[in-house]
Every structure is written in C-alpha cells, then in structure tokens.
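You will see subunit A twice below: alongside subunit B first, and alongside subunit C after that.
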Partner chain A sequence: MASSSQIQPQPGAGRIAAAMAGQPQAVLIVLLLLLCGAISLAAAQFYSLANIIAILRQSALVLIVAAGMTTLLIGGEVDLSVGASLAFTGCVAMDATNRSGSVPVGALAALAFAGAVGLFNGLVVTRLRVNSLIATIATMMILQGGVYLYTREAVQNQHHLAAFTGIGAGYLGAFPIPVLLAAAVFAAVYIALRHTLFGRYTYALGANPIAARLSGLRVRRLKLAGFVITGLLVGVTGLILCSLMNAGQPTAGRGFELTVIAAVILGGTSLAGGRGSLIGTLLGVLVLKVIDNGIIILRWNQDFQMVVPGVVIVAATWLDTVRVRRRAV
Partner chain B sequence: MNVRLAILLATTAALAPLTVLPARADEVPKHIGYVVNYATHEWYQNVIKGMKDHAKLLGIDVAVKDANLDVAKEVAGAEDFMSQKVDVLIITPVNEEGVVPLLRRAKAEGVPVVLEGNPVKGMTTMVAICDYDTGYFAGIEAGKYAQAHLGGVAKVMNVGLPLLSATVLRSYGFMDGIHTIIPGATLVHDLDGGGNPDRSLEVSSAALAQNGDIDIIYGINDSSSLGGLQAWKAAGKSQDNLLVVGTGGEGLAFINAMEKEPSYRIEAAMFPEKEGYTTIDAALALYNHKPVAEHIVSPTTPLVGDDWKKYYEVNGTTRSIKWDAVNALTPPAKCMKTAADLKKS
Partner chain C sequence: MLSDPHSPALAMQGIGKQFPGVVALADVDLTLTGGQVHALIGENGAGKSTLIKILAGVYQKDSGSIRIGGVEAELRTPRDALRLGIKVVFQEIALIPEFTVAENIFLERHPVNRIGSIAWGKLRADAKALFDRLGFAVDPGARARDLPISTQQMVEIARALAHEARIVVMDEPTSSLTPKEVALLFTVIRRLKSLGIAVVYVSHKLDEIFEIADTVTVLRDGRHISTKPVAAHTQDSLIQDMIGRRIEFLFPRARGPARSDVLLSVRGLSTKDKLRDVSFEVRAGEVFGFFGLLGAGRTELAKAIVGFDPIRSGEIAIGGQPLRPHDTRTGVALGIGLLTEDRKTEGLMLEQSVQHNMSLAALGGFAVAGFVQEARERSAVQGFVDRLRVRTPGLDRPIRDLSGGNQQKVLLSRWLLRGLKVIVVDEPTRGIDVGAKSEIFALIDRLAGEGHAVVMMTSEMPELLGLSDRIAVMANGRITATMPRADATQEGLLSAAIA
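For the complex of A and B:
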C-alpha cells in the first residue's frame, strides 16, 4: 500500500531537494561551473595557469585520500585518523629519507607506516568490533600524541635530494607530479570499485552487511582491505605533503579528515554505506578547493574557508537523507 | 668610665664583622610549578628547556604540567601545584578569563605567580617579548636588505595569523619597520596561514597565483614563513629576487632554512630559552619579595645571514643556546606597542 507521503504532492522546496538528491553529480557540475564563472568574472587571474596548477595540486592531496575514504564509506565505515596519520607519515618519510639517503626507502617507510595505521584501524573495527567512528578517533588521538613522542619538532630535510623535492613540487611534462599521482590513484580506485568483484562486494557490504555476510562474503576482509587501502593512500599523500613542505611537520593535517569527508559526502557517497561514486568525490573535491581558492583570490575573509566545509557537510548530509527517503518510498 | 669604654669596645669588636659581611643572599625557592598552555609547541619546549637549565644551576626543582590549550586542565594543574605547596607558580595562560580566579586563589594562599607570554588582569608580573618591536626591527632589517638587494622595492606577502593580537602586532610592526627605510613599501597579500605550515602553503599558493608580484615574504612564525617559501618554490619561481623573513626561531627549522635557502636571510629571533630563563629570575625576585616590573621584557633581535651562529650552535639534530651572547642582549624597558594599542585603533 502506498504511503500518504507518496500520494501527497511535495512542496516546492522539497521537489527541488528531491531532484537535486536524484542527480548529485549533475548538481555538482553545475555548481562547479557557476563557481568558476562567478569567480573568474570577479578576478580574471582565476583562470591563470599558475592558479589552475595551484588548485589542482591542492585538490590532488585531498583526492588521493578521498578515493580511499569513498571506498570505506561505501563499505559502511569511516576513518577519522587520516589527518593525524598524514602528519606522522610525513615525519616518518623525512626521517627515513634522512637516515637512508634514499627516496625509495623514504617512500616505502611512508607507505608502510600509513598502511600499518590502516591495518590497525581495520583490525580494531573487525576483530574488536569497535565502531569505526570511535576506533579511528582513538587512533587519531594516539597518533597526535605519538608523533610528539617520535619527534619534538619538525623533521628537517637533511638529505637535500632533488628527487624528493620533485615529488611535491616537480613536473612531468606540463603536469605537476602530485596531480599525475592523484590521476593514477583515481583510475585505479575507479576500476576497482566499478569493474572488479572487490568493488561490487564493497557496495553490497555497505548496502546490507547482514545480507552480505549471509551471502558468504568475507565481510571482515573486505572492511580490512578498505582501511588498509585508505591507509596506503594517506601514505602517498603524506609523502607528497612532506616533500611540498620540505619537512616532516607534526602539526600538519589538522582538520584534513573533515575536508576529505566533506568532499566525499558532497560527491554523493552515502554516510549509511552502499552508495557513492568516485566521479562524485572528484567533483566534491574540486568544488571545495575552488571555493577555498576563490575566497583568497577574491580577498574575502579567510574564516569562510573553515565555515564553508561545515555548511557543505550539513547540506550534503541533508541531501543524502532526502535521497534515502526517496528510495524508501 | 673605663668599664663603659671596655664594654663599648667589646661590643664594637663583636659587631664589626657583621658590618663588613655582604648583603644576605637571596633565598632560593625549592619547588616551582609551571603550567604551560601547549607543551608540544616548539616554542614552549624551548621555554621549558631554558627554565629547567637555569633552575638546575640554582638548585630549584621545576615541575611542568601541560594544559594542552584546555582552560579546565590549566586550572586543575595550577590547583594541584598549590595543593603541593610549591613556592612559586608560573603560568602561561590559555586564556585570560580562566586565570583570573587562579590569581585570586594564589594571592589568598600567599603563592607568588609569574605569568609567561600573556597579560591577565590582576597579575603581579609577566615575562614576555615585545611582539610589535620584534616585527618592527625585523622590518627595518628587511628594508635595508631590500634597498641593497631588491632595488629599493618592497612588495610584501604577510603570512599572518589575525586570530591572535600578538601575531597581529608582529605583522604591524614589520610593515611599520620596513616603512622607515622604504616609505613606498606595499602590503600585497595579508593572509591567514593559521600559524601552520600546510595551511600557510595552501593560502600562499593561491595568493601567489592571484598576484605573484611580491619580493618579500614575512611569516609571523617559522611555519608561516616556510609555508610561504615552499609555495613560492612550488610555483616554480626563482629565489633570486626574494627575501624571506621568519619570526620566532623556535627550533631547527629556521637555521636549516638560513643555511640552505638563498632567500631566507632574516629571522626575528625571540629566544624562547631566554624567556624561560627570565621567568625563573622573576620567580626568584617574587619569592624574595623584591619589587618587579609588571612586564619584564624578554629580549628579541633580528638575525641577518649568519648572525644565528652568535646565539646558537647546532650539533646534529639538537641546538644549544649560547647564554653569554643572549644574556648580553638588552631588552627594552617598555614595548613600543601592545595589545591594548590594537584595541584603541
């Protein structure tokens, strides 16, 4: 039997919200175009090559981790420790490169450390059955304190290897290396989510964990894989950020997790799990970073850079709720 | 008469040694409690280091509690110390309001209190640098540098922190100082880098893309100046006609930058170790009921080029302060401008 809410026509605002909820990516594309158009009308420098590169480089850092976070959220989990892990990873990467004089060793150390953090999160969630929100807040606290046990101050670049600096600030042809790394990560995670069993199972797990378990899916392994993938991607970003800053900074990455999550849910990935797309995440990242950039280009009060992601999280969560209701009726 | 004379002579002879003794030495407190607002920051790590080094020489035990930017923890830490009957309490306030009741309680219990960094209504004494003066004298040096090496042109990107009056004063001081040498100096970008390296990098990248026509980057702390410099480098710009000026000298970062980065030529050094050292002196004075100034100024000075070697030596990944050189610096008796002046303007 149809519910009364199906029979009654929705009010105007509700119809618009429902339409927006149904087409989140189209809404983001329109929003992005409007933002770019409006900012460039007010400040022509917006379309300068230097500014486009600046936006892409900053977007790359967020997108790499957001790709992992999208996978996690689709599978019904979340990781709030990515910002703290980012800072610690940068310190480990610089320290390992200083000690070894080798960029590959520094990179491997970054990946190993951040991957281990992901594994730890995954084990706490799957084996100890701690809610991922709580587990990763705990990990965040451990990492924020732990990094100061590891180093009391920023780990300086003692090796002066050009290849290390190139990871963050270098170019391959016309493209900044971080952007190319982000593109590679995007392609890999996109294929994994859309064209592999891992992707299909992750969607199934997030949509209905009990059904997924009863269908014989290895739920724990899938979740563990999501956390480890996210951890490894934090390792990649930590390495890039450490290279960009020319130091391992224990104070880096504060609030980074919120930017990542804001981008992912803005892109249409459901907090409830089971739905989302990497294309949406890419658009979410671009929207947030264009807003960030626009605030500076237009010389607005920079406090808006903190306010906007908060507003976006509320708006995107509301749209997600509308979308869930729409599917339920 | 002879008897009286004999008594007088005998008394004089007995008291004579006392008149030639030096004035009685200061009493030394045994235990000092320090509640720091944020111990993980490099600045405070070095404040604590300077405090402990000086206290050790005097035979004073210094215990430290970290408020970690939490007023409630700060109050609890100070109350713990008072319960433990410390001789003097040193506090770096997390915020003004939280410390006012503590000062009242300490006064009631007869525990002398030295504040570090920030003033609070009702305080006896505070040890702090002059933020405006620190920026001002760095600005003068930057102006001289711009005249000598940048064709007398000064276009500044300030990687600031508008949230705190101390850092706003530094930025104002810097621009006022540079104007004394180059009256036409302009502030091209006034940014909020949050005092963090990654945020400073991000906002500087966007600002440089909007208008890269600058030749001086000023940072309100080392993270800010380095974030600005890294944004400059990431944009593929040459450091040939650039001057970077940092503030703080909190750790090794500025030494590394002055040694390795051709544009990083000036550091407004604030000597956190000396600030810690001076708080112990202030604690000693209060404990002995000596008069103290309401604001005891801890010295700062701009370091140009290799000047840092006069004040610090580096051994591997640790730095040591050269106390003789730092103690020889004469701080001003009074700050040129304070937070109160910001409220007036």
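For the complex of A and C:
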C-alpha cells in the first residue's frame, strides 16, 4: 500500500490528487471541508463559537459510542441495542443519583447498568451462539419495553446537584466536558486498536475467524470484551445525555443506534469485519453532525435530518469505491 | 460475425499488462485452434492468471491485440467475453448455490414461453440435452449447493455449451478432484475437442498435461518462454522452461534419521462423525505422511489433533503433555499447529498485510503489557521473509497480492515464528506450481531436520513418497495400514486406501 511518505512531491493539483489516492479518508475530508464551506457561505453564524461548541458536543455523544461500535464491527459483530440502552441508562443514572444524592454513585450505576447490557449481549452471542444482529435487536426490544416497566415517565432531577449538570453542560477551561470525555475515549480506543494485542486480535477475528481460532486466539473472550467496552461507552454517553436533558428520558435515544452505525460505515469500516479505522469514524461523525447542524441553522425542514445523511452515505461509499478502484488498477 | 474459417479460434498478440510496481505480462502471445487442448503453465506469478483474466474480460490489457476468429475483439467485461464465445471456468466455481442446475446453466438466457414467463419444462429438457452432448448425467433439478465440486464443474462446462462458447478456459480444474473424477473430466474435455471447441488448460500437474494437452505454452515472469507440441517435451524440459533451470531433485532430502523422542502421540481417537479409533506416534525429526482418498478423514484428523474440532474419545499428547482442555489455544501453547488445506478461507487475512498475517500466532511474544512492540515484530517478520525467500514488494503489502506459493510460505512462517514442536500440514502444495512446490518440500524437510515432528496430509502420491519417513493410509475414518517409506509402493498405498 502506498503510504503518504512514499508519495513524491508534485506541483499543484497533481500533488493533491496523489495525496488523496494515498489517504483512505480523503473523500470524507474533502466532503467535510465542502460542507463547512457551503454552510458558512449561506449562514455566517456557522463559524460562531457557540455553534462550533454545539456541533462538537453533539458529535461527542455519537463518537463515544461509535468508538465502541467501530471495535465491534472490525471484530465482525454489531450492537443494535445501544440506543435503547442509552435511554434506559439515563433513567437509571438519574434515579440512582436521586436516591443516593451522590453523583459518583449515579455515574457508577450508569456504567454498571450499560456494562451489564453489553455483557449480556456478549454472552448471548458467544455462549448461546446467536447472531449478533438478532441478539442485539432482541436486547433492544427487551430494553425498550423494560424501561417502561421501570418508569412510566421521565425521571426528573430531584437532587439538584451542580456536579451532575456539569457532566453535560460544564467546561474544563475552554472545553466542554463531553468533548473532553470523547477526546479521551477516542485516544484510548485509537491506541487500543492500533498498538495493542487486543486491537490486532480484533482485526484478525473480523478478517478471518477460523484463522484466528487456529492461531490460538481466545475468540470468545475477545468478542465479549468488544460488547462490554461498547456497553460501558453507552454508559458514559447515557450519563452525559441525561445530564444535558436534566432528566432520565425513556424515549431518548430512538434511532441513535442507526446514527452511530451510519457514522462508522461512512468512516469506511467494513460491515464484513476486519477492516476499518477510528479516524474514519471520527470523520463520519463530524460529517453527519455538520449536516444536522447545517439543516438547523439554514432553517430547512427538519425531516431532512434523516434524508440528507442517507444520501450522503450512499454518495460517500460510492466515491470511496471509485477511489479504491483508481488506486488498484 | 464474419470470420475466416482458416484463421485461429483466438489469437492474442503482444499482450502487456501492468499493475502498480509490477509488470504482470510483457509481450505475451497465445494462439488457440478449435478442437485442440492448449495447456498454459508457469510458476507462481508467471502471469497465467492475469492472462486468463484478460481473456475472461475481468482485467483490461494495456497493450497488444486479441483477434477472435480473425476479427479484432475488445473484451471490456466478462459479458463481452461470454458474448464472443469465451467461457472461463475458474477455480472458485461461480454457481448460485440456491439455484438448480438448469437455472444455473441458463442464468443469462432463461427460455421463456408465450406470455413471457420462464418455461420450466423446456429449461430442464434443454439442460438435459446439454449433458447428453457432454456424455455426462446430472439431475437438472438438483440444487447447485448439494452437488460435489466435480459435478459443479461439469455444470460450468455445460454453461459454456449453453452460450455456444468456442473457447473454454479451465483454471486448475483438477485441484480438488479425485483420480476418478479427473478421468471423467478428461472424457468431457475430449468431447469438447470433438465439438471443435478450443480448450485452454491451466494446471500445475505435469502428468495431466502430458495426458490431455496437444500444445503447451510456458510463461515465466510475465513473459512468453515457449509454445510447442506436447510431444516435443519431456517432463524435465517442461520444468526447465518453467523455472529456467533444471531441478535435479524435486524432493531434496537433507535431514538425518528421526530421533527417538515422541513429540506427538494419538491414542484411540474418535470423533462424532468421522474418525474411529485412530492411533499413531510421531517422533522428533520425522515426517509422518497420511494418504487417503477424498473423504477418508485426513482433514478431520488434522483438525481434531490440533484442538480445532471436538473429539469424542481418545488421548492426544504433545511433547508428553495431554491436550486438555481440547482447544486450539492449549494446542498452540503446547506446540502444535495446523497449516490448513484451504488457505483463503481458513488461513489468510486477505486484506491485511504480509506482516500482520505472518505474526498472528506469535504476536503475544512481541507484546509488553498488552502493547505490541512493532519494531521487534517487524524485524522478526523480515527475518523470515529473507530466510524463506518470500517474494513480496513489502511487508505492508496486502497478502492477497502475493502468489499462492508465497502466501503458503507466509502461513508456514506464522508457525515458525511461534515456534512449534509439531506442525500438521494439510495438502501443503495445493494450488502451487512446481518451483514453489520444491521450495515448500525443502522447507518441510528442513523443519524435520531441525527436530520438529511433521504430520503431512496429502493426496499427491509423489509428494508422500518423496518426503515421508513413515506413511499411514486412511479409509473411512480409520488407519488401514502404516508402513515405513521403504516398504511403500503406489499399488500398496492405493489398495489400503480402498480397503
């Protein structure tokens, strides 16, 4: 594969084209720049600090879960229960904080609940050998119904702890806390995928599960880890979301799993497993969230928030196959 | 199409093709005559696959010309090739598993009745008529996925007739056939000849070429080396053309006699559906060969003793340690590993780099606190690439770009890097050509010489007789005979395999 270091310097447009051919994320980067350029021409407030922070905060929520989903997809599995789990986790977090009057207890409850959902998914997939698509759809249904057994309506904030609100709305220096959390998650998962045994084994598992087993890898444990990690990251996001909404909303997170998977696929991760990158996922999240934001500040019909990303996914995936073909032949 | 009856069925002239960094073909000619079998041979990376993919319309030539029946032709897509009468039967059969034989044959042109719906009765009758012309009986209503590979191949050939193909290309058609099925295939090929069809036969098996081909073209490093009538060749002269040097010994034996310490012991091994009471021992420095017909249970045995497939009863010990629990993780830890017969689906991570493919089983050894020390990994991998002379443009190149022989070296290195006591190789030279084969043989010999125990499953008799110290024959999941190589004859092995 031509790495960027091997590309000879060339003048002007040729150089850009050559750099694009070597960069798997080229299409997304160009797309993102074009989107930002076009929206800011139409609405100058796009570049206001408040708007940029809003985009980053929205992106942070998706990115945290998408980091886990990228790991799962690379390993050849998928988790469709993340949206339902997100809503349930928010209710659990708010309820636990109300009862204990302690933010750490609420946070731990959120992580424990969502982590347990991940563990459950992982066990169903690895022990009962249910296909992960089916297993996690089932989990999604269980959670969507289960949350109403747990609470008929939104769990309101009765504790009024400033620290709880700070998780979603607070700042550390100039940076919103959710964005810092997302950055930390991004860095950790990036390093895990690129430089650790866990990451390399995950790629191997997705690329060829038989070869992975023959090589003595602990295939089941590896899959289980992917589901638990994703679960824990849903816990983090559930906590942030519940803090931002100042309530545990049983209806929150509808369709969230689709946004997450769309971002990961847009970022070039293969549904078939074995191939993908977290950088791609980051770009995928940003593209989707900039589109969302653009539709809002341009005052378009909000229904376009579903339509446009759908079109973008098809277009970007197509452009990427064209790029790969150019390079290969 | 107007064509001159005296012009060749197909003339490819000065064909050139480049891939980034590689010249795959340079100035290659190939001329086919109707009613003749033209063998195309060459080592790994000689350009055979590229040439037939150009013929199939899968790749586009960069230079040269293709004339079909004397008329200049452009083959831009597989559809173009089919339309111009070229049918390629690839190694990986391209039937639709859920469709019937008849539906597969007429996939592109279902016969329809007056109201435009598919005429199912006619479909079956037409399919049956085609098989009659081929001298071969297949139930047109059978589903493709229920048929053995050999029959699926016949269906592919029938598709060629359905398209009125004048040129049929077969890529390694016998690589997964039993001797009986090969004989049947040859009968069908002779039938194609009698129908005036030009057949291109790509194979690594020289004895087959002497049996079936009229003319043979040798490619080497993307260049045309020779085209001669088969009668003008001896086995030696063919090999010499292929590799550009003479192989004195296809099976060099450099190692000494086996040592006394038993590295693998299998006692009374049975599985749920195949193996029955299998017992044997393999010593350090020994190559223990398993022979058997298709379905005898060799692959099942290979997968059971490395811990991949579950066993029902019996004892497996590696270096004196029982394989318990019975899984691959324990197997690898004790020092047993399998080089699988099916490189693509069970061995390779096709999209991943040479380095990542090679280091997979040994990666834990390069890690400190869970972090892979990439510099150490890389230099170890580079060491094996050099030692085994793996031909690759770079360690970061996806392994799919390597030839079969070089892929096999990488997979063997996966285990060498890990350091095993016992290595089980299942059909180690499948889909690999002569030059690379002898390199793999030399490697297996060297492994045994270094004190490994090697278990080799093979259906290639010369390979078995050339490399093994002892030979066991399997039939119906049992060992029916065990003999030292000195006592083994082809007849003796076969009669034990049929027993």
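Everything below uses one rule, namely that the second predicted complex is superposed on the first by the 286 of 329 C-alpha atoms of A that agree within 3 Å, B and C clash if a C-alpha of one lies under 4 Å from a C-alpha of the other, contacts with A are read in each partner's own complex, and residues count from 1 in each chain.
In this section, a contact is a pair of C-beta atoms (placed from the backbone, for glycine too) under 8 Å apart; a residue touches a chain by one contact, two chains touch by 3 or more.
It should be emphasised that the depicted structure is a prediction, and the values quoted were computed from it without experimental measurement.
Colleague: Is A:Tyr201 contacted by the first partner subunit B, the second partner subunit C, both or neither?
Modeller: A:Tyr201 contacts subunit C only, not subunit B.
Colleague: Please indicate which partner A:Thr321 is in contact with in the superposed arrangement: first for subunit B, second for subunit C, both, or neither.
Modeller: neither
Colleague: Is A:Ser40 touching anything from subunit B or subunit C once the two structures are fitted on A? First, second, both or neither.
Modeller: Neither subunit B nor subunit C is touched by A:Ser40.
Colleague: When both complexes are superposed, which of subunit B and subunit C contacts more residues belonging to subunit A?
Modeller: B
Colleague: I'd like to know which partner A:Gln25 touches here: subunit B for first, subunit C for second, both or neither.
Modeller: neither
Colleague: Taking the superposition as given, does A:Ala169 touch the first partner, subunit B, the second, subunit C, both, or neither?
Modeller: first
Colleague: In the overlaid three-chain picture, which partner chain does A:Ala54 touch, first (subunit B) or second (subunit C), both, or neither?
Modeller: First partner only, subunit B.
Colleague: So, A:Ser102: does it touch subunit B (first), subunit C (second), both, or neither?
Modeller: Neither partner.
Colleague: Which residues of subunit A are in contact with subunit B in one complex and with subunit C in the other?
Modeller: Correct list for subunit A: none, the interfaces share no residue.
Colleague: Looking at the complex, which residues from subunit C come into contact with subunit A?
Modeller: Per the touch definition, subunit C meets subunit A at residues 19-20, 306, 308, 328-329, 331-333, 337-338, 340, 345-353, 356, 360-361, 363-364, 367, 370-372, 374, 396-398, 414.
Colleague: Tell me, which parts of subunit B touch subunit A in their complex?
Modeller: Its residues touching subunit A are 40, 42, 45, 191-192, 196-198, 201-203, 205-212, 223, 226-227, 230, 233-236, 250-253, 256, 260, 317.
Colleague: Using the touch definition up top, name the residues of subunit A that touch subunit B in the complex.
Modeller: Contacts found on subunit A: 43, 45, 48, 50-51, 53-55, 57-58, 148, 152-154, 156-158, 160, 165, 168-169, 171, 241, 244-247, 249-254, 256, 292-293, 296-297, 302-303.
Colleague: Residue numbers of subunit A touching subunit C in their complex, please.
Modeller: 1-3, 195-198, 200-201, 203-204, 207-208, 210-218, 274-275, 327-329
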